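Below: one structure, written as structure tokens.
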Amino acid sequence: MEIAVTDRVVLAYSGGLDTSVCIGWIAEETGAEVIAVAVDVGQGGEDLDVIRQRALDCGAVEAEVADARDEFANEYCLPALKANALYQGQYPLVSALSRPVIVKHLVAAAQKHGATTVAHGCTGKGNDQVRFEVGIQSLAPSLKCIAPVRDYAMTRDKAIAFAEAKNLPIVTTKKNPYSIDQNVFGRAVETGFLEDIWNAPIEDVYEYTQNPATERAADEVVITFEAGVPVAIDGRKVTVLQAIEELNKRAGAQGVGRLDMVEDRLVGIKSREIYEAPGAIALITAHQALENVTVERELARYKRQVEQRWAELVYDGLWFSPLKRALDGFVNEANQHVSGEIRMVLHGGRAVVNGRKSDQSLYDFNLATYDTGDTFDQSMSKGFIEIFGLSSKIAARRDLA
Amino acid sequence: MEIAVTDRVVLAYSGGLDTSVCIGWIAEETGAEVIAVAVDVGQGGEDLDVIRQRALDCGAVEAEVADARDEFANEYCLPALKANALYQGQYPLVSALSRPVIVKHLVAAAQKHGATTVAHGCTGKGNDQVRFEVGIQSLAPSLKCIAPVRDYAMTRDKAIAFAEAKNLPIVTTKKNPYSIDQNVFGRAVETGFLEDIWNAPIEDVYEYTQNPATERAADEVVITFEAGVPVAIDGRKVTVLQAIEELNKRAGAQGVGRLDMVEDRLVGIKSREIYEAPGAIALITAHQALENVTVERELARYKRQVEQRWAELVYDGLWFSPLKRALDGFVNEANQHVSGEIRMVLHGGRAVVNGRKSDQSLYDFNLATYDTGDTFDQSMSKGFIEIFGLSSKIAARRDLA
Amino acid sequence: MEIAVTDRVVLAYSGGLDTSVCIGWIAEETGAEVIAVAVDVGQGGEDLDVIRQRALDCGAVEAEVADARDEFANEYCLPALKANALYQGQYPLVSALSRPVIVKHLVAAAQKHGATTVAHGCTGKGNDQVRFEVGIQSLAPSLKCIAPVRDYAMTRDKAIAFAEAKNLPIVTTKKNPYSIDQNVFGRAVETGFLEDIWNAPIEDVYEYTQNPATERAADEVVITFEAGVPVAIDGRKVTVLQAIEELNKRAGAQGVGRLDMVEDRLVGIKSREIYEAPGAIALITAHQALENVTVERELARYKRQVEQRWAELVYDGLWFSPLKRALDGFVNEANQHVSGEIRMVLHGGRAVVNGRKSDQSLYDFNLATYDTGDTFDQSMSKGFIEIFGLSSKIAARRDLA
Amino acid sequence: MEIAVTDRVVLAYSGGLDTSVCIGWIAEETGAEVIAVAVDVGQGGEDLDVIRQRALDCGAVEAEVADARDEFANEYCLPALKANALYQGQYPLVSALSRPVIVKHLVAAAQKHGATTVAHGCTGKGNDQVRFEVGIQSLAPSLKCIAPVRDYAMTRDKAIAFAEAKNLPIVTTKKNPYSIDQNVFGRAVETGFLEDIWNAPIEDVYEYTQNPATERAADEVVITFEAGVPVAIDGRKVTVLQAIEELNKRAGAQGVGRLDMVEDRLVGIKSREIYEAPGAIALITAHQALENVTVERELARYKRQVEQRWAELVYDGLWFSPLKRALDGFVNEANQHVSGEIRMVLHGGRAVVNGRKSDQSLYDFNLATYDTGDTFDQSMSKGFIEIFGLSSKIAARRDLA
């Protein structure tokens, strides 16, 4: 480890106005050298090299960029898929999943460059500050964290003024009416007129999805899973990243994956959020349907509780916590037999499963059918009912008679 | 209680071929007098008086009919709505909810007419036999239960032959290709070609819902809840029954509420089920959205687990169990503040909430906004993050360093 | 902080050195008038009038004392008993239960005397600061909270110096080697040589319990419950407070209720705690044993999970939270039939139940016995086993064959 | 039932009267050849060779004996220890754990000897019939199960008559007043005068434990764990079996591990059970205490729920179920750091931990201490409390104000 004479701060850099200003702002506030780190988690936008150069032009002493898209898909989105992770039963954890992978790159850069501090651009009332800082503390307990917007009162107006005063090579447009975060697993939109929870979202807020009400032909897709991992689409082998990307395109074109919800933030307040996650929702829907065929009942019932806790933990920024690791032990075991094909129609905002096939299936036609071939021994039912209901019946004799 | 000289059996009577044949079949098998009881839970079809007369014509010594639609809506569907009850996260318990109300009427009839036995038309491999018999045992532990199809091998073919031999006043058509159960809360379809789980359902199986893919104008609805109870639609006061019926019509017309799933039966097998529950799905969606606004985070997180157990219990036929009653204690307390209005667009198979209003709201614009008026004290976040993540950080020092 | 002339602070007052010094310290730091409030939750020690006079002598403008022992027993200890509340499966929440009742009196005093602020004597690394402040915020969101030890760095040494400089009427002895909190439900001891978790506690740390190793005659007690409430001991009617007090004496004399544990604090650290709670442990043990006889299996299984969450919530200071209220809805319903008598031997540190009697019993001798009178129909078991194990068997055909 | 000349039945053989009679009884009932299999799970008693010879003398065509004590300890008792498995919070699953290991040997013998059926000596109203048959179905779905006591009405009196008529080489003493099952993990006693739940057990029913009330010197023991496995006692290396055996002796000598409870059987009835499990209780107590030191709070909280479900599953005979395997995935991950030493005093029926030492400890003296060296930053607490309590406070503004 190279020990800096001057203190060094690693900054989570997006290339946008706020974090570009942060470079100089942090330098002025702390006297430290700033190292900018940009991580590509599929958020799209500018080329990484352009972003890297801008960081240097804005005063960073070093700038690192990383294409973490496959890492994000394989190590963060995939566990979420195996856990059918939907916070509050709806939100596929889009931003919550990207924070830990970004944290990993920030911590690696801090260690490489001998930085003592990591900086991020979050405000002080959201979930992401917690996810960044708890993540960083967990991977490198000795690193300090700062958030200029929160800790040095760097407002948008001050940032624009700073950029203009320093002549930073960045466009200081008016603020987007919404606050947006996006990556390959989805897109989150908040603030603006959406803060009035009686207001309906307008078509304008969406980018990953087409209007589901527009008439168009349906799209039928077959997704193949092996042990919970999507491995092929319509028979073509895919990586997890490719699976998400292709379904973002195809499900997004059908308006699948829009969410409009009032959400319980970790910091104790409720906020209104609009999400688009066409690939995530299509994959989770297919994965759940395949689990229904391949996972035994009691395991399936318990897994639903585990999934909920998993989603809460990750939402709450506890990706690197011991409980998360132990729940993954459960989830991975439960996914061992989740192999097979799911046929799904994408249309009009809906992702509807209408066919399943699996050589790991626990659906037994001969036990299920009421037709010729029925092997279920109905004479067993009388005894089952008698004893299954016995404790309830004994209580009823006391309570209801 | 009047004691019959001849033994008496109360039969759950639908008016259809199978239970019409059961009247004579039971009489022959047991020598008992049969009392037919038909309960209207909104399944539609023939007039209750017609059904009553048919029972008598088929040999019943008594026939009772009951319009239990409001009772079913208020005492069975409403608790399910408060619990957002969806078995396996999907199925709104349509048949499972109707069994206990029918059981109540069967037991009352048995007590009124001095019957010692209750008979039902279920097979020996489904859930409903358990729901009937555990329910009956719980309300009247001394009553016996019989199921001619299961216990006396009364197959469809034998039933037709019996009807023809006895010249029963009932049409002995070929069997419907599907097995169907329906009531005001929804409709279940199974068997036939659907037993091949790779086969997609065809439009033919649906009755409560229109094809969601057909182009039509959207329908916007505002549902008002008081303490979890739907009390008005578009400002017009409604009973719970009326709320379900109106939304069955309006959401059904938009193709909302179709489900196609492989389900874990209580008897240990997986079966393929098609459901239509437009009113139930629309109401639960609205109720959940209002809870997101009015229920505190930790209560909401815990309630999701309770909801799942509630749905499992009711699916498993344990409506009258002590655990169900205690969970209702929790659910009712949790619904106390679930009051307000939900605006929802019904269209193309989707029921999408896009507005909420409540004077019990916990959404606080001033805490949530990033605009003027923000009252959230961001300086508190640093301390929160430090201590919230501390146990995880201490573990990380040991595990990840 | 600039304080208006009439600003008033309510102080949670114990009569001891620290809170006596707080009176003047807060006045100096804030310029406010201090109102001392002492709440008797059965902690023993000085007369309330003596404590009240001392507060005035130390400079309080008002001093209120309240005998809250029955209120504490009925409204705080009793719900804990119904929930068999044991944090980490062991600790009966002694201090955690007393904080909300004290909070209620502090808030009432603040409202009566027009105070804007409540002060307490806790440090900044324990659970009690959270319990006080979250409780106060929940009952009176507009009240501010201060903690001189934490916020004004009022150390023990400085407190002694202050007391001597001001000539306060209080003995400034050397600090007790332990930090102690006690009330009628138990006693907590921490710090000192106990902070080395390899050190065994010495007899010296205990006050509520005799050495269990000392030879003495056993004491047999019969406790009568009605709907979960202890109503009689050895046939004599008692209030809840009397039940706790009598069992503190009798179980304490036998060394029952000592705990030595490493505990997970809400602030994220582990700490070593010694507890004595003879009455609490004896009552919970008896209550659990009566539940085993009177509560149906599935309700009992689920209640164990609810109990654990209840204990965590109360430990975490969320007594006044919506989730706590909804869990109480469940717990009260579950206790409805917990009526009967428990015979228990108190001896040698053990409280051992060896007899139960209840007219609400679900134990059915005729079903349980292997002797004459057996009414259990063993022929039912075959069918039960077949279907109960079916989903597991189907999975096994795939996984284990 | 018509049986082929070569049909073979494997019988779970204990060497006692009932299963000795079963050999001939089954042969007569079914015409099959009987293969006796005796499995040593530490139940003590006769030599395996003596038992083997008796089976042959009673008519078995083959007799197999297996010393499964280490297998039982390592693969069945150890997972239970890692899960701190206590059914209803008390019972360490003594009999429930031994059934699956016996099942494994029965199935292996059936496969080796080409048997089609497995027989066991259980009655039709207990848990063990379920554990045997669901276990056998899970390992070998094609095997049939029979239970002569249940299926062929083989009562005790008939068994004695049969033994005398056939001159079987076995003592036909009067029945023991109790029904007993024992193995190295503990001993279960039921029936007799204990079926009156107001009757206290008498000293006579105990064999593994001395009277705890007898005066004797205390015994202090240090148990070393590695990743949840007990590996040394007082510094001497031990196998899991040796650990259990040594603690059975030492804790048993101090009266540790007696239980008297009313238990919820799987078949829906409540029964009264006396258990002795000195080694199991001592080991679980030590293991829990070490977890308190080495397992992070949120993991520890969740694990308590998992433990309860694990115990229910195993009690219910679902050892070989998919859910059990997935829970083991969680439990093993959670035990990874449970390494260190626990010092415990065994005395007067109590096993009391009073010292812990671990290089995997999460107890941080410097964070916990109130003394010199305190590194906890108390200034963080204010922010933590504010945000931790915020959702509750917002709800309180609505509900309690």
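Lettered A, B, C and D in written order, each chain numbered from 1.
By definition in this document, a contact is a pair of C-beta atoms (placed from the backbone, for glycine too) under 8 Å apart; a residue touches a chain by one contact, two chains touch by 3 or more.
Here is each chain with its UniProt name: A, B, C, D = Argininosuccinate synthase.
Computed from a predicted structure; not experimentally measured.
For the pairs A-D and A-C, the larger set of C-beta contacts lies at A-D. Centres computed as Cα averages put subunit A at a distance of 40 Å from subunit C. A separation of 42 Å divides the Cα centre of subunit A from that of subunit D. Residue numbers of subunit C whose C-beta contacts span two or more other chains: 264, 267-269, 296-298, 318, 321-322, 362, 364, 367, 379-382, 384, 387-389, 391-395, 399. Taken as a graph of touching chains, this assembly is complete, with every chain in contact with every other.
On the side of subunit A, the complex with subunit B involves touching residues 88-89, 123-125, 129-130, 133-134, 137-141, 145, 150-151, 179, 191, 195-201, 212-213, 215, 218, 258, 260-264, 266-272, 288-289, 292-293, 297, 300-301, 304-305, 308, 312, 317-318, 320-322, 343, 347-350, 352-357, 361-365, 367-371, 374, 376, 378-382, 384-385, 388-389, 392-393, 395-397, 399-401.
The part of subunit D that touches subunit B in the complex is made up of residues 296-298, 337, 360, 362, 364, 367, 377, 379-384, 386-388, 391-392, 394-395, 398-399. Of all residues in subunit B, only 264, 267-269, 295-296, 298-299, 302-303, 309, 313, 318, 321-323, 325-330, 332-334, 387-391, 393-394 touch subunit C in the complex they form.
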